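What follows is a pair of complexes built around chain A, which joins chain B in one and chain C in the other.
== the complex of A and B ==
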C-alpha cells in the first residue's frame, strides 16, 4: 500500500466522531478485560513503540504537522504520553498486588508499611532533585517553544474555528450534542459535585492506600471511563480533529473551511408527529414533547429501580437507598453523553425534549 | 579551612539562625525538619512506601512547585503588563521584542499548562490508590476545589495577552454562562422571571454580564479577569493549599495501606 493510501485509510477511519469514539471505548474495554496482558512491560513497550513510530511517520505529513506543532497543542501530546505511562504504571502495580493477594502474600505497600525513614534526606532530597529537574525542563521548553501570540483582539473577526482553552475542549465537544445550559453549566456542575461525592458514595473499605484493580473494579472502571474517555478523548477530538465550522477532520486531512457536512438533525417530537403519525406538530409544547419528557423521567426514575433489582442488587444492599440513588443518578448523568452521541450518529436525533420557547432542550 | 567553618558554625550569628548542627545524626535530622518553617510541612519520619516515586508520581509536589513558579513569574510579568485594551497587547509584544532572551511569558504559559496536567494526574493517582477513602474524604474535596481553581486560574489568564486566540477562547467559554438556568438570559427558566413585560434577567444583567463586566469580552472583562487571575484566585488557592497540606499530615501522612 502506498503512503498516501495508508494516510487515506487512517483519515477515513478518523473522518467521523463515531468511529473514533467507539474505537476508544473498545480499546478501553479491551484494556480492562485483559489488564494483565496489556500491563506486561513487553506488551506496553511494543504499544509505545507503535505509537511513537506512528507519530514519527505522521509528523512528515504537512497537515498533521501543522496541528500537532501549534504551540498550545504540544503540551497535550506530552500529556497523552504521560497519561499513558502513568496509567500503565498504576495498573502494573495493581496487577502485581492482586497476584500477591491471590497467592496469600501481603501487597507491596503493606509489606513495607512499618518501614520508616528520616524525611531528611530521604524525602527532602528527591523533592529538591525534582524541583531542579522541573526547572530545567521548563527553561528548555520555554527557550525552544515560543508562547503563541496571534493578531490583536478584534471583536469583529471571529476565527474559524473558535476554540475554548484546550482543557475545556471536552465541554465544547459536548455542545455538539447538548445545549449550552447542559454542556456548559449543568454537566460541569455535576462533574464537580460528583467528584466531591465520590468518597461518601464509595463505601468499599478495600483498596485504601495501595494500587489494586480486582478489589474495586466498578469504581476504577467508572472513574477511568469518565476521565479517559469522556474527558481526555473528547479533548483530543476538540484539539486535533475538530476544524473549521467544528467539522470533524482526519489527522492528515486539510482543514478545509468549505467542507460541507449535511446537517439534518431531527427532534424526537418530529419523529413522532411527522414521520410516524403524520399529523404535524401540535401547537402546545406539553403535548408535543410528551413522549420525550416521559422518556427522560423514566430514564432517571425507573433505571435506578431496575438496576437495584438486577445487576447492582449487591451494591444497593451495601450502599443503602440514599447513597445508591445519588450514585446511580451521577452514573446515568455521565452516560447521557455517550447515549446522546450514539442517538445522534444512528438516528440524527437532535433533542429528546425540545422546548425552545423556554430554552429548555435536552 | 576546617577551622574557619568550625568557627562560623559556632558563632552567635550562625547559631541564631540554625538551632542545630549539620543533619548527619538522627537527632539533628529530626531537629532540622522540626525547626524549619518550610521543612516542617513534612513529618520527621515518613513511610517508605509513601514516598516511593512509583507510588506518588510526585504529582502533588510538582503541582505545588509549579504554583510557586507561576506566582514568581506572574509577579515579574505584572511589572510590565497593563490590563487595558489600549496597552495589553503591546505590553505582551514588548515582553517578546524588547527583553533580550525574554522567556518569562513562556515560563508562565508552559508552567500553567504543566500545572493543569500535573493536577489531573495527581487526582488520577489519588483515585487509583483509593486515597480519598476515610479518613481522607474531606481532603479529597479540598483537592477537587483546588482542581477547579487551577482551571479557573488558567482560564482567566488565557485572556490577558488580548490577542485573537485569547479573546475568542474566552468568548466561547463565557457564552455558556448565558445559558445558566434562571441566571442566564438564554437559560431555561429565565423567561419565568419577569414582571409583566419587563424581563428581570436579560443580557445586560445576567450572570455572563457579571462575569465579563459588559455584554461582550471587552475592557471590563480584561480588568475583571486580571484581578481574578492575579489576586483573588491565587489567594483562594494558597489558602486551600495550606488546608490541603495540613490535612495530609493530620489524616495520617501520605496514604498507605491501613
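== the complex of A and C ==
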C-alpha cells in the first residue's frame, strides 16, 4: 500500500467523530477485558513503539505537522504520552497486587512499607533536583515555543475555529451535542458535585492505600470511562481533529474552511409529528414535546429500578436506597453524553426535548 | 526564665494601649488577662488613672464600631455598583441608516455592517431583512459562506440558512432579526433595540421585513 493510500485509510477512519469515539470505547473495553495482557511490559512497550513510530511517520505529513507542532499543542502531545504511562503504571501495579492476593502473597505496598528512610536527605535532595530540572525544562520550553499571540481581539469576528483552552475542549465538545444551558451549567456543575459526592457514595473499604483493580472494578471502570473517554478523548477531538467551522477533520486532512458537511439536525418532535405522523408540529409545546419528556423522565426514573433489580442488585443492597439513587442518577447523567452523541450521529437527532420558547432543550 | 517573661510582655502593653479608652478592641481584651494573673493589674494600675470602661459603654462603642464598619463597607459596595454604569459608553448607536435600497443586490448577503453594527442585511426578490450576527447557541459570530449559502459558526458548528433558520449543529433557534424600516430620506433604517424571534412567530411582523 502506498503512503498516500495509508494516509487516506487513516483519514477515512478519523474523519468522523462517531468512528473515533466508538473506536476508543471499543479500545477501552478491550483494555479492561484483557487488562492483564495489556499491562505486560512487553505489550505496553510494543504499543508505545507503534504509537511513536506512527507519530514519526505522521509528522512527515504537512497538515499533521502544522497541527501537532503548534506551540499550544506540543505540550498536549507530551501530556498524552504521560497519561498513557501513568495509566499503565497504575494498572500494572494493580494487576500485580491482584495476582499476589490470589496466590496469598502480600501486596507490593506492604513489602515497601517495611523500609523507612529519612526525609533529609532522602526526600529533600530529590525534590531539589526535580525543582532544578523543572526550571530548566520551563526555560527551554519558553525559549523554543513562542507564546501564540494573535492580532487584537475583534468582537465582531470570531477566529475560525474558535477553541477553548485545551483543558476545556471536552466541555466545548459537549456543547456541540447539548443546549448551552445543559452543557455549560448543569452538566459541569454535576461533574463537580459528583466528584465531591464520591467519598460519601463509595462504601467499599478496599483499595485504600494500595493499587487494586479486582476489588474495585465498578469504581475504577466508571471513573476511567468518565476521565479517559469523556474528557481526554474529547480533548483530543477538540485539539487535533476539530478544524474550521468546528468540522471534523482527519489527521492528514487539510483544514479547509470551505469543507462541505451536511449536518442537518432534526428534533425528536419533528421526527414524530412530521416524519412519522405527517400532521405537522402542534402549536402547544407540551403536546409537541410529550414523547421527549416521557422518554427523559423514564430514563431517570425507570432505569434505576431496573438496575437495582438486575445488574446492580448487590450494590443496591450494600448502598441503600438513598445513596444508590444518587449514584445511579450521577451515572445516568454521565451516560447522557455518549447516548446523545450516538443519537446525533445515527439519526441526526438534535434535541429530545426542544422548548426554545422557555430556553429548555435536552 | 524565658517562659515566664513571655506572658508578661503582652499584659504590660495592653493597659498602656487601653489608656485612651476610645478604641473598643484593646478594652475588650484587657479584662481577660486580669482574671488568670491576679497580681499583674496592680502593677499596671498607677499608669492608668482613667475612668473604668463599663459593660454598657463597651457595648455602645461596639455598636458605633459596627455602624462605622457597615457604612464603610456599604460605601465601597455602592461605589463598585456605580462603577458598573459608566458615564460614557463607546458603543455604536443601536439605530442606524444603512444606505439606499438600490445599494443592495438581490440575493446577496451584505456584510458591510457586520463589523460595526453586527448586522447582515439580506435582500431577496421580495425585500430586505436585517439579521443579527450573534449565534443563538452561545453568542459567537458566525461567518457567511457564499458557496454553501449558509452562516456557519466557528465555535460549535451551528449552521443557519440564508434566511436565518437554524438547520445544523446545536443552535436551538434561528438568528434574530432587527426592525427594518424606510426612513424619510429614503434610506434603510435599522433599529437593533427591537428584535423579532422566529420561534415566537414575530417574523410575520411588518417591521421585521422591508418590502422592496
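Just so we're on the same page, the second predicted complex is superposed on the first by the 360 of 362 C-alpha atoms of A that agree within 3 Å, B and C clash if a C-alpha of one lies under 4 Å from a C-alpha of the other, contacts with A are read in each partner's own complex, and residues count from 1 in each chain.
The criterion applied here is as follows: a contact is a pair of C-beta atoms (placed from the backbone, for glycine too) under 8 Å apart; a residue touches a chain by one contact, two chains touch by 3 or more.
Given the structure is predicted, the values throughout are model-derived calculations rather than measurements.
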Fit-or-clash call for chain B and chain C when the two complexes are aligned on chain A: fit
Chain B versus chain C as contact partner of A:162, first or second or both or neither: both
Contacts of A:247 with chain B and chain C, given as first, second, both or neither: second
First, second, both or neither for A:258, with chain B first and chain C second: second
Residue contacts on chain A - larger count, chain B or chain C: B
Partner chain in contact with A:199 - chain B first, chain C second, else both or neither: first
C-alpha centroid angle, chain C to chain B via chain A, nearest 10°: 50
Which of chain B and chain C A:75 touches, first, second, both or neither: first
Touched partner set for A:56, first chain B, second chain C, both or neither: neither
First (chain B), second (chain C), both or neither touched by A:172: both
Which superposed partner A:154 touches (first chain B, second chain C, both, neither): both
First, second, both or neither for A:277, with chain B first and chain C second: neither
Overlay on chain A, chain C to chain B nearest C-alpha distance, Å: 5
Chain C-contacting residues of chain A that also contact chain B: 154-155, 157-159, 162, 172, 179-180, 184, 357, 359
Residues of chain B that touch chain A when the two form their complex: 23, 26, 29-30, 32-33, 39, 42-49, 51, 53-55, 57-58, 61-62, 65-66, 69, 85, 89, 92-93, 96, 103, 105-107, 109-111, 113-114, 116-117, 120-121, 124-125, 127-134, 136-137, 140-141, 144, 147-148, 151, 154-155, 158, 161-169, 171-173, 175-181, 184, 186-192, 216-218, 255-258
Chain B-touching residues of chain A, taken from the complex the two chains share: 72, 75, 78-79, 82-83, 86-87, 89-90, 93-94, 107-110, 112-113, 115-124, 126-127, 130-131, 134-135, 138-139, 141-143, 145-155, 157-159, 162-168, 171-172, 179-181, 183-186, 192, 195-196, 198-200, 202, 204-212, 216, 220, 223, 227, 357-360
List of chain A residues in touch with chain C within their complex: 154-162, 172, 175-180, 184, 244-247, 258, 260-265, 350-351, 354, 356-357, 359, 361
Chain C to chain A touching residues, read off their complex: 114-116, 118, 133, 137-138, 140-143, 145, 147-148, 152-157, 159, 167-170, 172-173, 199-200
